[in-house]
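Working notes, beginning with the structure itself.
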């Protein structure tokens, strides 16, 4: 297993949860993701910021195995996403869209996800995930009857039901109330503690930096900044970020 | 870490099919629409012909096949709609299962749907057109199943493409109907002979076309499906 | 960045040669080839009809199928443009077949349309190419359009043998008006030469039109790329 040394990160004995090296994706001649390299160990949480159109969503879709890279490589748990479907099973994705079937109940949606990942106790796993996101009491309600915030919670439950080693979250706090946000933070912290790596895309600096062990800013497909949380000075970060966002707007 | 073995292609297809059928069962609108359309069609056709000039017996199989393909199209339209609405397809694509299993699962669910419509339409045709209830009807059902497999194989693939376009409702029939021609010909010709009590050997050339079509296109559409995904 | 294809400014030599060839065939057909005894002057339509059919099926459609397979394998945009051009030019030739066929048929048989096996197959080919064009028109994203078209192109290529077989079997089982065989082996050599010349001329015409259409497609894509860059 190749050991990757990326700016600032120490070489460690355990293999990284995710390794991206020179990852690129081209859409009709335009580089949406341009040579992105980083790696995350178990327990890391990367908070990824960036203006709209910077390529954050594309990067997440590449890491989730929903898009094939135009160049570079991406390893999850040591296995390349290109080599076959198995590597995808270690990734969980929370995105803008709920990825749910509105006609089915919350429980059915999460159980379906569990079955598609081949969990032997899909029913139990679904129950645990729904309980973690504090929606177990609404498990039998059809998703279309749930509020946006509750749908978001079910969507997160769907993403964590198979206990993924890499959890990718694209602005997951959108639409969540206090209870939902607290449940999400707790679930993310639990995943981190159990040895998963997180990648959190958000516009909310304080929420993002709260859980983060690393912070990065993506701009025009490239990682413009990447550093350990400890080195990040929140106030200067914020102003620099704001400047970048307004420049690109 | 909980116990996890990613499902193989057939098992994953089965899980997807069950999910699709659960959704269909929950809403029922597509199934009921297809059913009502089929029954109305069968009835209207009866009055469109001069029953003194053409015997109902001769008319019936033709009516069945024409109504059948249009009712099937109604059902196939909604095949991928639920996947796109909230990007649920991303959940399927992110799962550790082969892309082909998604297609197979949906095709299987569509097959159940179409057979469900058939299960009501066929007896209706027998009833309204006074067909003799003998082995011929069983033969008709068998041929209908073969035809359904081909219809569903083509229709599922094309609905995966059509759903991403602006004119999905028009495009699916336009793309599918040329492919339905050999199916309808094979089904109509073989069922006509079987129902007239002719020996199977007479119907065999047409049945052979149906079977060959089914095999070729189930394989071809399964292999083609991954190319219809945006990856 | 000038493209070899787009920088050519002089007269289109190939097109000129092709048109001259077609004209030459017609001069030959009218002035130097004897009229077929039983069919009369109308038989000359067959020079267009058969040649167009040959071009449409064996050149345009086969090229479409091959370009589609290669595109899915190599993902080269040029192949998609070849497929697109081949389909459009092929559609023109197929339309010519469908117009000249009934014209000839009316003169010889007295009926505009008789469901003759070859003409019927051509009709279905026409529908298939038409639905291919509709699919292309319905998808806006270039990459997706190329992929969907390629899938349809390959499936259509698989379909054509089934259509031919079904239609042929259908025809041999149903009595038809007594046909005068349009081209028998006992053709005088001048006629055979004219047919041969007609095939060549129309093949040249196809190649010339294909190349023109391909250039238009390339220019169109270049313009779209430039627009996107400046946007």
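We call the chains A, B and C, going by the order they appear; numbering starts again at 1 in every chain.
In the analysis below, contacts are C-beta pairs under 8 Å (C-beta built on N, C-alpha and C of every residue); 3 or more make two chains touch, one makes a residue touch a chain.
Owing to the predicted nature of the structure, the values given are computational and were not obtained by experimental measurement.
Taken together, subunit A and subunit C share the touching chains B.
Interface comparison, A-B against B-C: more C-beta pairs in contact at A-B. When chain centres are defined as mean Cα coordinates, A lies farthest from subunit B.
The chain occupying the central position, as judged from C-alpha centroids, is B. Taking the mean of the C-alpha atoms as each chain's centre, subunit A and subunit C sit 52 Å apart.
The mean-CA centres of subunit A and subunit B are about 39 angstrom from one another, to the nearest whole unit. In this assembly, the C-alpha centroid of subunit B lies 32 Å from the C-alpha centroid of subunit C. Chain contacts: subunit C has no residue touching two or more partner chains.
Along subunit B, residues 230 each make contact with two or more other chains.
The residues of subunit C lying in touch with subunit A in their complex are 142-143, 225, 228-229. Partner subunit B is touched in their complex by these residues of subunit C: 72, 124, 127-128, 131, 134-135, 138-140, 144, 147-148, 150-152, 154-156, 158-159, 162-163, 165-167, 169-170, 173. Here subunit B touches subunit C in the complex through residues 154, 157, 161-162, 164-167, 171, 174-175, 177-179, 181-182, 185-186, 189, 205-206, 209, 212-213, 216-217, 220-221, 224, 227-228, 230, going by the rule given at the top. Within the complex formed with subunit B, the subunit A residues making contact are 64-68, 85-89, 91, 93, 95, 97-104, 108, 112-113, 115-121, 125, 142, 158, 162-163. Those residues of subunit A whose C-beta lies close enough to touch subunit C in the complex are 28-30.
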